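Going by the order they are written in, the chains are A, B, C, D and E; count residues from 1 in each one.
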Amino acid sequence: MITSRLPRTVTAWRPLLVPLVVLLAWDVLVTVAFKAGWIEFRGITIQYTLYGTAIALFLGFMVNASYARWWEARTLWGSIVNHSRNLGRQATTLLDRTVPDARADLPGEIVRAQVAYVHALRTSLREQPSPPEVADYLAAEPLARVRSSTSSPTAVLSHVGRLLAEAQQRGMVGDIARVQIESTLSVLTDAQGGLERIKKTPLPVQYRFLPSFFARAFCLILPFAVFKDLQWWTPVGSGLIGMMFLLAVQVGRDLADPFLDRVHDVPMTAICRSIEIDLLEMIGADTPEAVGPVKQVLW
Amino acid sequence: MITSRLPRTVTAWRPLLVPLVVLLAWDVLVTVAFKAGWIEFRGITIQYTLYGTAIALFLGFMVNASYARWWEARTLWGSIVNHSRNLGRQATTLLDRTVPDARADLPGEIVRAQVAYVHALRTSLREQPSPPEVADYLAAEPLARVRSSTSSPTAVLSHVGRLLAEAQQRGMVGDIARVQIESTLSVLTDAQGGLERIKKTPLPVQYRFLPSFFARAFCLILPFAVFKDLQWWTPVGSGLIGMMFLLAVQVGRDLADPFLDRVHDVPMTAICRSIEIDLLEMIGADTPEAVGPVKQVLW
Amino acid sequence: MITSRLPRTVTAWRPLLVPLVVLLAWDVLVTVAFKAGWIEFRGITIQYTLYGTAIALFLGFMVNASYARWWEARTLWGSIVNHSRNLGRQATTLLDRTVPDARADLPGEIVRAQVAYVHALRTSLREQPSPPEVADYLAAEPLARVRSSTSSPTAVLSHVGRLLAEAQQRGMVGDIARVQIESTLSVLTDAQGGLERIKKTPLPVQYRFLPSFFARAFCLILPFAVFKDLQWWTPVGSGLIGMMFLLAVQVGRDLADPFLDRVHDVPMTAICRSIEIDLLEMIGADTPEAVGPVKQVLW
Amino acid sequence: MITSRLPRTVTAWRPLLVPLVVLLAWDVLVTVAFKAGWIEFRGITIQYTLYGTAIALFLGFMVNASYARWWEARTLWGSIVNHSRNLGRQATTLLDRTVPDARADLPGEIVRAQVAYVHALRTSLREQPSPPEVADYLAAEPLARVRSSTSSPTAVLSHVGRLLAEAQQRGMVGDIARVQIESTLSVLTDAQGGLERIKKTPLPVQYRFLPSFFARAFCLILPFAVFKDLQWWTPVGSGLIGMMFLLAVQVGRDLADPFLDRVHDVPMTAICRSIEIDLLEMIGADTPEAVGPVKQVLW
Amino acid sequence: MITSRLPRTVTAWRPLLVPLVVLLAWDVLVTVAFKAGWIEFRGITIQYTLYGTAIALFLGFMVNASYARWWEARTLWGSIVNHSRNLGRQATTLLDRTVPDARADLPGEIVRAQVAYVHALRTSLREQPSPPEVADYLAAEPLARVRSSTSSPTAVLSHVGRLLAEAQQRGMVGDIARVQIESTLSVLTDAQGGLERIKKTPLPVQYRFLPSFFARAFCLILPFAVFKDLQWWTPVGSGLIGMMFLLAVQVGRDLADPFLDRVHDVPMTAICRSIEIDLLEMIGADTPEAVGPVKQVLW
């Protein structure tokens, strides 16, 4: 997530560089061709308005859908933040360490496993290798099981469930309280499922392909429309309008897939670290530093 | 679901082939007729803008409604994924196999029935015959009952309910835990009902018929509008604009009915297989291969 | 609900017949008047674009709101379907017929009352007299009470509640299970309330009156705008555009009130019959035939 | 709420009267000024289209937001209807009048207090004095407390809560049932909070001020744009377009604040009376007449 | 929040002052340049329409998203209002002060801590120092803990949780009632999480930067388009249109970040004071004055 008002990082602009240069070169070429008399056209107005209407239609569909995906992803991560905190509070206050059969470090183990969970979910969504935090916060035995599983976050969450079952067997938690903690796990499962749905189901191919195709086609024919009026200013006028349409397409693309480890990502690293700090504070452990923006990008 | 950025499969383009060829032929015909002096028209501007506005209105309604249907269908399947996992976790951890009257393979039977359920739901939505998985994962007696019922998925889910009742009669599960598992069944019923609602209630006929009709009528009169400006380029200009409107109609159609066993379907086969793998892992059974895209289409 | 792709029934087109004939007659009249030199006008472009924009604005508000009402109505009926099934499953599996004081036919009575409920709700929404199903599925005493009440569906649902209370008094159902069944009744009450809200609260008068008024006014002045360009083709061009705006208004109207016993209704008869079949199957009773489309209209 | 298709009451049109007369007078003045040669202008097209686009943008934001507010208000009142019924059903069926310490008229008192609640909420939202129903349905002691409180509806609902607490102290209701009734109270609190949120948070000032300002400015310059084409017809053409924009602004205003005791209000009087009838029927008391529309306005 | 219909405070207009003055100066400059013959241009129509369409697209995305953020923030605060009241009611009615081990002032302490919570949340969102209310309503020991924590509101809410745990240890509250109160705390956590999500996740940079950039670029080229028609009136016509686009951008900005301690904020001070009054009334303590608008701005 870019935190500055004006995106200064080169990365944010890179996907636009090539199209813009090509666009400008083409605009100059057409202008020169007209001026040199190589081609000749009469004023063509009506098509451009219709074309513009149709493209606006496509772009409207696409950008709205993309923004909705991005915001849903952010909201689901918000839900994971809230319910991780809830799980931490429940683990530390509802588990009774005074019963005869109690294991005193069980609440802490649950909290640490939850920290491992959010980091595993983050890297799983970004298709990165398992992060060091998973190894740091899990014991050897569950770590081995997580490493051999197909889905790390699901395996870690199952481990939390198993710790909870152990708490009940030891008599550290009653029926009603256990149901409450399990509801928290259910909400976490739901949020994870929603994130994976966004990850695994891209925008329909029509939304990905068509707006981009038509916007580019539009840029190709644009200089023919404006030459008569703008003469040598054609590259400026045509380039400006073309850039707007290309940018709109790019906005849609950047928002549609919020887990690609790019500058427009939902800032999962920062979110996970913030959960980590909150949870470790609850069990009185040392907390790492918060993650700040790097070159105005929060990862 | 098409997974590539550019749909390369012929199937994706086939519904557009005939309209596009007809459109182009018509555009050429009108151009020739003008050039040959067979017909004569004065510049007609105002109608086209109004026409374009009205069609954009219709298309906007239709495509937005279609996308909402498609995404709701996908979200409901996501809910089935999450709660199938929840059911599996609950069946394997909440049922107590140590009570005197316990039947040790009951949890596994519930999990296997749930696998049969999702496959039965998938084929039911696609109006296909009962899949092999239903026979594989159900015992002979419930299978017979499912085969004789009018709605396979409902019958399989009832079977899960019956297994749960048996667990309670055997004392394997307490009151509160049973309520929790039954809530999971309720959510599954709700999601199934939502999917059947989308399946059985097509877009209103006005949304299906009118945009397509008006877009095609528009394509018919388009070359008359642009001939004066474009001359021999008329088929190109007119064809391009016409194609955009036809494509927008097609996008709406492809998304409106996401269970027709076409390339634009919600990828139910892949989703069901992924549930199958997750659930079978839980009971330690052998798991099949995940389903990958075939010619860049995930079914 | 019309099930065919192209609405062939006369009923679907009837509300448009008179406006379209009047529209065409007017267009011809204006054309003749121009040709005969009775009236004379200079080209008027700018107003039409502004007018078109304003009307598109109004129509957009209205059709979107209407579609949302229609889809909400359909979704609420979907909720009634799901929770009628849930009620049936709960009545047949959670009530214990083996306790000493049990009345063996109580579950069946609850299920049959629920069938009466959905039919009573359907006719109440369509403002029809009480259907035969209410008399068929209720005993004499509750039937009398329902008939004397102001709201049949509410009275039938109260009867279900009373049967449930009887079950508890007889010891056939425990506390927690009763709470679960009562939650189902609550959801049904909520869905019924939502349907009655849509029924009793029409679209705001501004949404009903203004789009229709302005679209018609627009049709009146349209031929003046296009005569100069289209000459004798004026009725065709003007009629086509006018028809699109009138049709958009009509789409909004047809969807805004989905319980008027018209071809565009939510297909409540078919939905109720399908609930009836599902519920009767659960108690092993004879089931009626499903309702199919009549002349491509599903009621 | 206006129930007729065409709003006939003078009140509905009054806010538009002055602007329309002023608009028409201005249009006539400009036309005369042109005809008399006092002013002279060249054709100005482009600004009007841009102006129209920008105003449509503003109006679209405003009317959509207003309609959403109106519909949310209506839906929240629907929720109050449903849960008032639920409260009535629960009070009459879940409270046990046969326990030794029971007070037989407690359920009736709860139901009557709920009737007082909805009327108190209605007048509180309309900023009217406390209605007679509050005095009719409350005993002297709670009435005094309600009258001395800052928020009548909250005070009445607290009274319901106190009656419920009394029922539990007398042993008339068990733990689980009480939780269920309290959940109903919670939902009522939530709906009340939502209504007060809509009441206390008007549309952002930008949405209230800007569309109106720009629409009026547009009306001022409109006759200059159309005079060249329409000549003496200018007041008609310009007035018609101007009226549409002013009407759109008015639609937004009428819907944005649905509790102002105006003809466009959510019909709270009718809704409250209908709850009153339903609840009184439940305890077998005499019911008042339903509220019908007065001069086609339902209050 | 501005409460007057016309924003009179200087603050509301200040961010627009500089752009408007610059805009007007530029328009005058261009007009003079044309009149003086320094520059010469042919009529340029088509680009402006396309440009306008593209900008409307961007502005539509941005303002809609901003309004949704603002309204979600207001709704979440509404949820905090409702559930603060619920917590107050539950603390005062569900805690039993008659048990032997009871601490009579515990309910009051919970209520006062909740007052501290909402004020802490308000200042935390506005990035202000801890308000006096936190010190007023918390005892010395929890106050110290809150001051040393990284997130004040979370720390206060944890304190409420601890008081609740104390109540259970003292036997003042049973299992089911505690679960109910804890659900209220969960909803508060969720609402707080949602507010922090809106605070910490600004609109995507594309939505913040691009509409503003393009609207300003548009203002720069606007006078060239209208000079031919408007001559010396160019600054008026061009300035008016330019102002509309700049205002639309400003509306989006003002709504996008509703916690910046500006005149367009969600009126958190007033909301918190109103919660304070409600809660203090519940425990019979003295209440402060409600917060009214200052110079027509409610903070």
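Definition applied: a residue touches a chain if its C-beta (ideal position, glycine included) is under 8 Å from a C-beta of that chain, and two chains touch if they have at least 3 such contacts.
Protein identities per chain, from UniProt: A, B, C, D, E = Bestrophin family ion channel.
Everything numeric here is computed off the predicted structure, so don't read it as measured data.
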item	value
Subunit C to subunit D, fewest steps along touching chains	1
Shared interface numbering between subunit E and subunit D [over half = same, under half = different]	different
Rounded Å distance between subunit B and subunit C, as computed from the means of their C-alpha atoms	24
Separation of subunit A from subunit D, taking each centre as the mean of its C-alpha atoms, in whole Å	39
Subunit C: positions in contact with at least two other chains	45, 49, 53, 56, 60, 176
Topology of the chain contact graph, where touching chains are joined (line, ring, star, complete, other)	ring
List of subunit B residues in touch with subunit C within their complex	42-47, 49-51, 53-55, 57-58, 60-61, 65, 149-151, 154, 158, 161-162, 165, 175-176, 179, 182, 186, 189-190, 193-194, 196-197, 201-202, 204-210, 214, 217
Subunit E to subunit D touching residues, read off their complex	1-7, 12, 45, 48-49, 52-53, 56, 59-60, 63-64, 67, 70-71, 74-75, 78-79, 81-82, 85-86, 89, 93, 174, 176-177, 180, 225-226, 228-231, 237, 240-241, 244-245, 247-248, 250-251, 254-255, 264, 267, 277-278, 281
